[in-house]
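Given below, in the form of structure tokens, are the structures.
Consider the two complexes below, in which chain A is the common component and chain B and chain C are the respective partners.
Right, the complex of A and B next:
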């Protein structure tokens, strides 16, 4: 007898449709993600300047970006910087994760401390990270790395002022900071491998290399790919580390797409062009993500 | 009849190849698999370490098995193991003869799996020696020991196909690609998983995974087979089938086997010899019938057998057993055996099948608590004062809860234990013909 009455209660009626449950998330995402993107897209089709109220719709910004002589250099920098940083973070992250898991299996002490130290790099703001590495790589007498090199009799290296070295320095700084993230992700994936598999491999007289090749690596494939996607997005969007480390220089040697967009907006005040560059960045990011997702094993996509 | 020809490298060639289809070959010294497909094309080579045999005729495959290679005998000498302050194994000594199927059985936590892992080399012993053919292998890695192991969750390599899983142990062998494929096919045929070879383990059922795991072990032609509760993830029907198949496999490829289980049915049905373990110690080693009929300790008696043996507190008084207020007369052949145990607290162990229900009012009176018909038999739980008993009866037994019955105890088949030590007292020579009933 109480059942019909209960069915009339609004709390029960809510479960009938999905929309009420999706609404809060839709509102949040719409306001803070979709609207800015739409706004940036709109700006890309204007000749807006940062401190100029009067704007009109035109293709001038997009044409200016497409015809820009520097865009080629910027894209090449972006490619080198992103590929080197992503590969470096994946490799170093995997190495440290393997080291930690191995140490835990051997019941060594200090694995927690090691993990914490690696993570410490990650909580440093990117701007601060750039400044730290600028101090370390500084070519002034107090530059830590050059001082150390001098002690072992190696002549100082022009880390930041030589265009040939500046990109390497920027990649090193990025890898150093991003490795922690990659390590934590890969560490979790490593921990999910059934340890009995390694026992079976031990009985099968598998070498460390074979264990890595036949058990660890195939198991890690989805994690490595997802990790690559996430790191790639973060690296493509990264401009603050480079900004504080080299400012994009010397010349345009380390100026990547995100930094170029930032400079276009906040140095040249060309909001429309900056928005067009941001759209280009979004497009590249989406295409790369789609390509990486295709590599994921079926059923995990 | 085939001829063995010793190679300089310790290998053996069999001639003529075609007449020995059941000759087994492989990389180890044990009979491995009969690789019939390439017998016709290639000369059989058995890397048997048969140095002591030399050249000669061998009469039939059975003898070939018998003489092929030295014994693959496993001997454990006073193995102890502790994890931190916890002692898991206490000076275990055990000898597993060549080609014997030995089952380690015991409740969970008794150390049986740890013992197996120590033999495999996955765990190191805190003290003691592990000998394979008299050679200490303590310091050898699992791979160097030439053992094969089937794990409880099978531990198949999830990213390799069934064929690659089975063939994994061959990856460093000198066989050609076609020979390897033939060997994998042979094993697959033996285990009837040929159609599955290209699948991934995730696309297999539990029973199929089980077979692949065994295939992976078989192909390596190990000196010793180790099974760690291999059937516990299967359902009851499949478990029964795999039990028989593993036994049949062992008959085909007789290899020294150590099999760990907590399931006493597996122990009883599969083992040549059963090792009952409890709390890190071996309670008894014996054939299944020895373990069942002559348990050495109260623990073994209670652990083996479903339902458990009835344990009845008793005292020996004037040649009779005092059970509560009742006195049970012992036949004269017990008297001599129990001479030294007068006025001691004893436990009378009687299997449910050694309690017979009577309707005439002779014997121990009891009241029926519960009747459990299982189809092939009916189990009857009853009590006499505070004493709770179980009796096995014919399937058609028609009794109700609360019925008054009388029990005939087959004391000739009983086992008496010292209440303090839990050890079985020596039994008189079996004289089944003169049971009390017939006298």
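Right, the complex of A and C next:
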């Protein structure tokens, strides 16, 4: 008596391994994300120039970037710009999200309009955002914001020509655009907090600040950290708003790492150094992301 | 009689219709000439002429191109538009040409021509221009388009230059020297205007506009071998003097400190149109913009003059513009490309009232008969093109940073120059 040959069931075969299912996604990610990173990494180890075909492998680009007298200024600018922009987007996004949720609970009209208005800033291309703020912050006698300040008796501000103010202006323009994204994420997180907690707090006569501090913030912590990671990545990579707003000036007052890398490739045509700077940007981004992930509750990592 | 006349009109329309349709078919958004032409040439152009947003300009160039393609039967020009991001577009042309996917013929910004020559991508066009045409080019233009073998590798089809614009109601007489400019600007400030505006933000325009003041003293950016020398010996003094000239304008209040945030000629034009500035340093092409954008009585107040110098005899102005060059080895295509370049240099320039680079063209077209062209022609005598060396983009970049730092008070001229020199020499060593 022979045993009939076992026939594998089609369903079992298909689910026997995850690889076939992941392969298309892996291929796409590899082609469009990993390959460019690998190529940039390769270029960082060369002395490649945009218009020069004779390229050799060397550590000159990396050593040159590391030893550059300018790098300190650029990293300081990047730190100030990123920290201020991320904190601003988080704080303002949270404020607007709280406002919208509170208004919805009170059944006030206009919350949808408010969310739409905030979102409108998000859909504007970054380069256009820079141009819009350049017009608003213009120090010409007809500049919009300075004209408004004059009307209320305040002296005009050197928004873009003063090195310290120029960085503030770049941060304002970035916060204005990025707040919408932050607001969407935090609004969703706020909506997921069980209303029973607030009802219980109300019974205990908790003040608004106590409710925010002991209920809202602890429940928002994962969302705030994930939001911070995403905003941080977007802000670190942001150069187009600054490019059209100040061009990195006056001097190098607003030149951040991403803009410095762009200028190195497209103004100085130094592809190897530009790739080395891009790798530095990637490294900083990965380290900051890792640090923020460590702050997440264990179950959410 | 009426019937006969109607029949005649219909007959004429019937005859003309195919021609009209045919002419329309000859120009599309990506082609000039019949789609089934035997030969094709790819031409990468900017969006200011054939595909201009200004209908009159587009129509004028459509006619020129139609005439051109009818005069070259069997050819089709496949057009490719460049965006306004000049540096990236020019870099793209080089990369694509190296990969064998570049255009056969392209508009190249004169500031980038040295990079193309250095890359060895430009085909000689000398056989397609007569010696008379070559001799007629302005000397700085001829030098710029000639390669190391003595071949003409591009036609610099128009040039531009920097001049001083002034509101005659405030500044009746053109300042001839720097101190006169400062005095006139301060007088304008007393009248409630900004005295004089100029670009000093992070843009090539800022560096190039300022370089006129360095060149006016006889300063040199690089030596004959292309090595940067602007920070050495006499050049250093001249460089610092030119920087101090700008710094004095700002510190005296003759120019507002906001010049460090100006990096576009459009900003200067906006201030002129708003009547908020007495003078500004701009490009020659802005004369037409002033005439077209301001009410006639306001435009009539604006006059143009040569940039002031440290002395009346020491003048200079930066000259830029665009070239057309061939990037193919096919002689037939190079010839067509040279024909296109000639089209732009002659009737194209005349229509747009840009500045031709040949003396004879100023005589050939009545469009260049205005009094402003006398000023431009005079200033062109002191024209200086960007040095055709690969280190120029880095020098420009460092001058932009230097101007921002000095005029915003973040650095002294000396310290800023030392920093710029160190960066430029480090970049030069890497070339």
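Keep this in mind: the second predicted complex is superposed on the first by the 288 of 301 C-alpha atoms of A that agree within 3 Å, B and C clash if a C-alpha of one lies under 4 Å from a C-alpha of the other, contacts with A are read in each partner's own complex, and residues count from 1 in each chain.
In the analysis below, a residue touches a chain if its C-beta (ideal position, glycine included) is under 8 Å from a C-beta of that chain, and two chains touch if they have at least 3 such contacts.
Because the structure is predicted, anything quoted here is derived from the model rather than measured.
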item	value
Fit-or-clash call for chain B and chain C when the two complexes are aligned on chain A	fit
Touching partner for A:214 - first (chain B), second (chain C), both, neither	first
Touched partner set for A:251, first chain B, second chain C, both or neither	second
Contacts of A:152 with chain B and chain C, given as first, second, both or neither	neither
When both partners are placed on the shared chain, which of chain B and chain C touches more of chain A	C
Which superposed partner A:18 touches (first chain B, second chain C, both, neither)	neither
Which of chain B and chain C A:47 touches, first, second, both or neither	second
First (chain B), second (chain C), both or neither touched by A:268	second
Inter-chain angle, chain B to chain C through the CA centre of chain A, in degrees rounded to a multiple of 10	150
First, second, both or neither for A:106, with chain B first and chain C second	neither
Which superposed partner A:197 touches (first chain B, second chain C, both, neither)	first
Shortest CA-CA distance between chain B and chain C [superposed frame, angstrom]	50
Complex contacts: residues of chain B adjacent to chain A	120-122, 141-144, 147-149, 151, 153, 155-160, 168-169, 171-172, 216, 220
Chain A to chain C touching residues, read off their complex	47, 49-53, 60, 64, 69-70, 138-142, 158-163, 166, 246-253, 263, 266-270
Touching residues on chain C, where the partner in the complex is chain A	87-88, 91, 94-95, 98, 115, 118-119, 194, 201-203, 256-261, 263, 267, 270-271, 274, 276, 390, 393-394, 397, 400-402, 404-405, 407-408, 410-411, 419, 422-423, 426-427, 430-431
Partner chain B, residues of chain A touching it in the complex	194, 196-197, 199-206, 210, 214-215, 218-219
